[in-house]
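Note that subunit A is present in both complexes that follow, paired respectively with subunit B and with subunit C.
Presenting the complex of A and B:
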């Protein structure tokens, strides 16, 4: 087709409803605010892992939908979540990303959370245990027993991840929220305790859903030089995408031929429990959380939307707590060679979404973003994205392809097809 | 009666707070100029070590963490302090200081350390 004039450029594509979206869902600030309320404040989000707060009085801080959150391990070893907000004057109670309340704090004694501002103090169950001058200053009009922290729903589930939901009245627990999407990796990550082996974060000027899209669409593998020349065997194309309630998707396994990766080592002997050697699974949780089990390491991406056009992505890697020092070093190498900040894939993915972020800044002209490939629900089918945006549309009551209209169903599933043929005779011949 | 010798007078100069251990019990001896006081080592507010964070001047002990104060001559709290300091009886005999120590004085812990289990219905309560 020749180049298009403005009218042609902005016309609807020759695809069915559900096979594209309007870029305003990525750029519009009003839609973004609505997403925080209707999606992020209603979802269970895995904010961190229990190994990040291994000892009583350890803590980790995070954010969901602008609400600062603190996760603490109590002296009873139970992990609890609270808003990281002092009920007195709204000060952030704890400003560090992680640490321990076991030693004395700048404004308080050991084993307590003490607000630095005016020394209101709380225990690990969120009870307010000290208000300075309560009697003299408030004359019994305000009692510390009514000034506890805001407790949040919190569950440790699936391999020790700490899940939090801001909605007190959510109809879901973590298991019903995940709706079966975690079943494919559950036996591997629940077999024995996991431990954090890698953490880094990136703040990217793009909408959080663009990172989600990149995690749930796979033919950008052509962008990944190393994947392109090594990975595309028949088995690669036979992976199936499955959709689950609440917008989740997972992608089935295949055996990765690491020996065909330049300088990569085989991961078979270190592959996770209950996982065939060198197998791979991915689980994409609505609205912005991703688990990736690649043989010997688990990766978890957590998206924290900062604005319509900015997202913080935290990348965590996990090994087994029982690892020997040598095994741990191999796992870290396996993780970083693919997913580290200088690995084979990750920075290329970030280039992709950062480029989209440039074209979809707030108030930029609406564009059509296509995800209409149907390949029998095999790996390069875009069923994952279509399922995500159908769920998005229902929960937002907006039509993804025209967000000013109310939701109506679009096309998710396409025709049955055999999987594409791989390049097994080509793989490994170019390096 | 168990008067215990704690230290020599010369070990606690004027306006000094010195920590000693008597039969496994830590006590602070404070020389406020016109006399001595003996008390437990931590502030009754938030357990601050008074040897490190306490300042003794002009007869007044101040915990610098949150500025609670006690008058050493009367032993009473003053300013914004909300709790009394507990004291061991203390006396000077010759060049030595004695304290009457039978067991460690401890501050009543007013933390609401509720032991009950977390309530499943908590999030649906009014």
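Presenting the complex of A and C:
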């Protein structure tokens, strides 16, 4: 068909329900607000890693659905999470991204969280332990024992990640929330303690789901010279995508041929425990979190949605705490060559979603966004996105392909078929 | 300061500023030619977000050619990065064979991929701030880089990082 007029352009595609979505789900501000309430405030989100708070009194701050959160390690070594909000007049208790409450603050004692405004002080369990001149101002009407912080559900789970859920009454714990999606990497990341080796971030003018989509579809290998050259063999096309309850997806392993790429180092000898050399698993957790175990390094992307058309993505990398200095240096090198800010792939992915963000700004004309590829649930099948949007539809009670309608089930799984053959003749292979 | 030391210092300064021009103009081979065989390049930062020293890139002289040669095969942002550099200190060793320099720099991004062209095209944005910690080997009139540590004070990189710092 030649280029289309408006009617043709906005017509229903020749695909089945569930095989495309309406671009308004990436741009509508009302839908975005509803997502914060129905998805982000109900989900378990891994906000950081225990190695970011190695000592008692260490803290880390984060955001879920606009709610400021503080995570602290107590003198009992337990990690707890609270709203980072002072119960007095709503000041942010701690402004820094991370640090320690062990030393004194200008208006606070050592080993306390102190709100600098009027110096109310809290211990690491969130108890309010001091209200300056309480008796003089509140007489017997209000006691510090009633002024504790807002405690949040918090669990350290799967390789030491710190998960928080804003919903006190969630029916899930982290294990039931993840619903088996983490099983493929669990034995590797739980074998021994991990340690953070990388951090940087991006703020992109696009909806958070576009980044999540990019993480869950591999058809965009065509954007990455690195992927085409190190993958695209028969084995690669046998990587299976699996769907789990609550909208999670993972992508099975294969062996990466790093030697095909001129400046890549083989990662075999440093591969994670219980992982065959140079294997690669990917886990996409609903609604916006991703774990990626590529041989010798774990990457974790955390999305913090800022508006319908803006997301902060924090990129973390992890090695083993027991690493020698030399092994650590190699791991960092492996991480950076693809995923570091100067690496080969990450920057390309960011160009991709930034470009999508442009075409899907709030109030722009609704369009069809297709994810109808069926390839037997193998690597270039778009089943990951279809599964995500089915769950999205159910939880939002909206139809992803027409968000003004109520949810009804669409097609996720396609017909069975054998995996594609490796594309060894692809142009990218030619030097 | 002896006239000789004065002269060496000015050679070092010229070398740093020439490198700045080469990198700005993406003349990668001219930049690599300024580096001795044992040259090491790294980009490091301290992240208060995680309270750690981090390394973002390490390349040996040997790895530089393939790294830059592969660039055209990758998809990169078209917006060039340029430096504004000020050399703060140059210290020449007593025997005059090596030198170290500290250069403060900022990088700006000339927006070309203006999100949806030409929305931001034509404007400049501050991309990052940093300091170069350079080491040199001096042999008569020849000054070669033996090390460059680009210590950056930026941890947010949206796109554009294929054009190294």
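Please note the rule applied: the second predicted complex is superposed on the first by the 421 of 431 C-alpha atoms of A that agree within 3 Å, B and C clash if a C-alpha of one lies under 4 Å from a C-alpha of the other, contacts with A are read in each partner's own complex, and residues count from 1 in each chain.
We adopt the following convention: a residue touches a chain if its C-beta (ideal position, glycine included) is under 8 Å from a C-beta of that chain, and two chains touch if they have at least 3 such contacts.
All values reported here derive from a predicted model rather than from experimental measurement.
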item: Superposed partners subunit B and subunit C on subunit A - clash or fit; value: fit
item: Inter-centroid angle subunit B-subunit A-subunit C after superposition on A [Cα, multiple of 10°]; value: 80
item: Between subunit B and subunit C, more extensive residue contact with subunit A; value: C
item: Which superposed partner A:198 touches (first subunit B, second subunit C, both, neither); value: second
item: Partner chain(s) touched by A:303 [first = subunit B, second = subunit C, both, neither]; value: neither
item: Contacts of A:132 with subunit B and subunit C, given as first, second, both or neither; value: first
item: Minimum distance between Cα atoms of subunit B and subunit C in the superposition (Å); value: 26
item: Residue ranges of subunit B in contact with subunit A within the complex; value: 45-48, 65-66, 80, 82, 110-114, 118, 122-124
item: Footprint of subunit C on subunit A - complex, ascending; value: 52, 96-99, 196-205, 223-226, 261-263, 316, 329, 332-333, 336, 340-344, 347-348, 350-351, 354, 357-359, 428
item: Residue numbers on subunit A that touch subunit B, as the complex places them; value: 78, 80, 104, 107-110, 112, 114, 119, 121, 123, 125, 127, 129-130, 132-133, 135-136, 144-145, 151, 153, 168-169
item: Complex contact set, residues of subunit C against subunit A; value: 43, 47-52, 54-58, 63, 66-67, 69-70, 73-77, 113, 115-116, 155-162, 164-165
